[in-house]
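Working notes, beginning with the structure itself.
Order of writing sets the chain letters: A, B, C and D. Residues in each chain are counted from 1.
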Amino acid sequence: MGDYKEIDLQKLKQKVYNANLDLVSHGLIIFTWGNASAIDREKGLIVIKPSGVSYKTMAVEDMVVVNMEGEVMEGKYQPSSDMNTHIELYKSFPDIGGIVHTHSTYATAWAQAGKSIPIIGTTHADYFSEDIPCTLDMTSDEIFNAYEKETGTVIVKTFKDKNPIHIPGVLVKNHGPFTWGKDVEKAVENSVVLEEIAKMAYLSFSINPELTMNSKLAKKHFERKHGDNAYYGQKKTNK
Amino acid sequence: MGDYKEIDLQKLKQKVYNANLDLVSHGLIIFTWGNASAIDREKGLIVIKPSGVSYKTMAVEDMVVVNMEGEVMEGKYQPSSDMNTHIELYKSFPDIGGIVHTHSTYATAWAQAGKSIPIIGTTHADYFSEDIPCTLDMTSDEIFNAYEKETGTVIVKTFKDKNPIHIPGVLVKNHGPFTWGKDVEKAVENSVVLEEIAKMAYLSFSINPELTMNSKLAKKHFERKHGDNAYYGQKKTNK
Amino acid sequence: MGDYKEIDLQKLKQKVYNANLDLVSHGLIIFTWGNASAIDREKGLIVIKPSGVSYKTMAVEDMVVVNMEGEVMEGKYQPSSDMNTHIELYKSFPDIGGIVHTHSTYATAWAQAGKSIPIIGTTHADYFSEDIPCTLDMTSDEIFNAYEKETGTVIVKTFKDKNPIHIPGVLVKNHGPFTWGKDVEKAVENSVVLEEIAKMAYLSFSINPELTMNSKLAKKHFERKHGDNAYYGQKKTNK
Amino acid sequence: MGDYKEIDLQKLKQKVYNANLDLVSHGLIIFTWGNASAIDREKGLIVIKPSGVSYKTMAVEDMVVVNMEGEVMEGKYQPSSDMNTHIELYKSFPDIGGIVHTHSTYATAWAQAGKSIPIIGTTHADYFSEDIPCTLDMTSDEIFNAYEKETGTVIVKTFKDKNPIHIPGVLVKNHGPFTWGKDVEKAVENSVVLEEIAKMAYLSFSINPELTMNSKLAKKHFERKHGDNAYYGQKKTNK
């Protein structure tokens, strides 16, 4: 059974490696400005990108395996400096399997503006059931004590009355976006979508600061893809 | 003669397949956010993209053939979830042969802003004789009963006093653009043009919110390409 | 000597062909939205792009040769529908050898806004000694009689007190930019520069509507490249 | 030992050559609008791009070697017309090893707007400890006497109370950005970062002109990468 475990972990390393490269090819990352991770809930292990290693030379084997306490279990590199944010999210959001952090241009612009992205179109509603929230300011204590862990805590606080499965992303104020999903591929997809939504919303409010959206249209689109009677795409059994 | 019919349909599948891929290469579509279709008026059959199938693996044979009631006549996949919007437009606009729907960035931004795109330049007038209209809000009934069909109805209502051949596109409020044309290639071309017009108009109003256009210049440019004495391009017999 | 003339004309066709393709590769042209031409002053002949022919299939031999009256001297296609604008400019600006017209996004946005582009940076001053002017509205007579010729006349009127060599471009109101230069390569370069200047100016005024520029800095930069004591680049004899 | 010196200089030429090409591939330079240089402090020699030579034909051997007085020591071309700005910076900022100048779009837009880029996000704070300053207007004397040298002087004056190692870049008013670093590769990296920061800041203020940033978050991020207890990336001994 040890061998199977090894194979699972190897597959997860490959997925996390692919996810990091996909962020680059989608134009969301410059240099090393981002990180992706995935969790194996059964083993209690997280696979995450190493810190500050160039994407040009990075190999599958460079992915770092850590446990839920952030201890390195496998790998020769230091894990991403944002590791403790990832751990905090995995602990608080039990249904997510992958996390992505980027400094993508338009999502970061909204984060720097300190504004949630209002739900104003069906593109947004196809992926996020409500506004994409922006966190509050962090306190000096949070910043200077356990900064990366507290970044996670602030996100979790922001979701106190929200469903992280229906709103799979957040803007950390003056920092940038985190997204997640049932697996790391979905987390990457959500980061691409968030960037496009952020761009469209920026443009829409520039054209008409007084714009409005019918909340029923938003509900309809979210349900069409994610509700109990979802009918977008192919039936799962079709595959 | 049955064989000829088959060949025609096969050609139409190829055109619809190409159209969908062209939307991607023109940068108008992310993931599966769009769809193109074409109609064979003689047979009363529509060829349309399948719903939610990745463009990377999609094949010509995956195109779905439906009749005017939306029943699948050929193909192993579910048709695009927006099929009933396409059908409604084909029924109401008898001179069009192809339809494209995208969430292209700038056109969608105007749709989210709830604003028609004013005709303010010759680029616009070369393809659209007037403003590109934005639909009104849909009612709750329209949203929760036969949403996709009603999206088509709302578009048709918007064109009550307009000529869909002279204005080959529309913005569905808080959703995104639909374009059409005599065939699906022309519908794709119009979707590219609409996106560029939407971007230019956004920029122009940012530079000068009080800008104006001489309606005679607009008329001249539209007539130069589409009027009875059009003289842009090569004479048809030249080909 | 007839043969030499043929060779010269053939070279000019090649240059005009290359110029049109360069406009596409610089991202200034969608579909067939632009045209480039060059003049052989000695022969009184202009080589210009054919009208509405796809850039994908266009060949060197498809370039059209016309005389100063606009009569086709060589070539199987109709010349660009904007030919008469080109002719008017060649007649009035005796020192120019090439002309380019595009609908490039940001330059067209300023044209649609009906605003000249103010000289606010050294990038601008390195190529254009003053503001890039926008023409006035055309009259109904000008639009409905000899539209393309009158477009040229309106440009020439705009340069009544300006030096077209020091300001090698213009915005035609609600239409788009024309640029020129001593040869068609330089006209292409100026069209690329104009688009970038237009983008930078749009952004700069968005950041600070009250911005100013020291006219002496503008003068210095223009003189550094184009004055009698220009010292930018390599000495001509170096080549 | 003469040979070793030759090898060092050859390596520096290669680095400067690469740096110039990297600016193009990062999309920061059109035509010949930029220059990169590096200094060998021991020899008192600077390697810099030649003036106005096309990047398409430029070779490693075309890099020009000058001394601290700006005299050409090696190379067949004239050095960059901005050479004296580079020399002034090398003289005043003894810890820098490379300099880059571009007219990159968004950084130049802020320079043309005459505004410093406020520190409003962690992307900025990861590289620049404070606002990126914009210089004051140059005087007529500075412009018409020793313009390029005085451009350097104006930059140095702007840094009178600032640390050029903690703020490795500047906006020259109505002109564009200069960046630097311990070597020319780092100067290139900082020019890419500056352009992205400039774009994000432009967008953020468009979304929310009243935005604010907690200065403690800025400090934390700068220290995390550049402080005495920096922990971003891999330990140096790991390499």
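In this text, a residue touches a chain if its C-beta (ideal position, glycine included) is under 8 Å from a C-beta of that chain, and two chains touch if they have at least 3 such contacts.
Given the structure is predicted, the values throughout are model-derived calculations rather than measurements.
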| item | value |
| --- | --- |
| Copies chain D and chain A - interface residue numbers shared by over half, same or different | different |
| Intercentroid distance (Cα basis), chain B paired with chain A, Å | 33 |
| CA centroid of chain B to CA centroid of chain D, Å | 47 |
| Residue numbers of chain A (touch at least two other chains) | 205-206 |
| Pairwise chain contacts, counting only pairs that touch as defined | A-B, A-D, B-C, C-D |
| List of chain A residues in touch with chain B within their complex | 120-123, 189, 192-193, 196, 199-201, 203-208, 211-214, 216-217, 220, 224, 231-235, 238 |
| Touch list for chain D against partner chain C, complex | 30-31, 33, 50-53, 76-78, 81, 103, 105-106, 108-115, 137-138, 140, 143-144, 147, 174-176, 202, 205-206 |
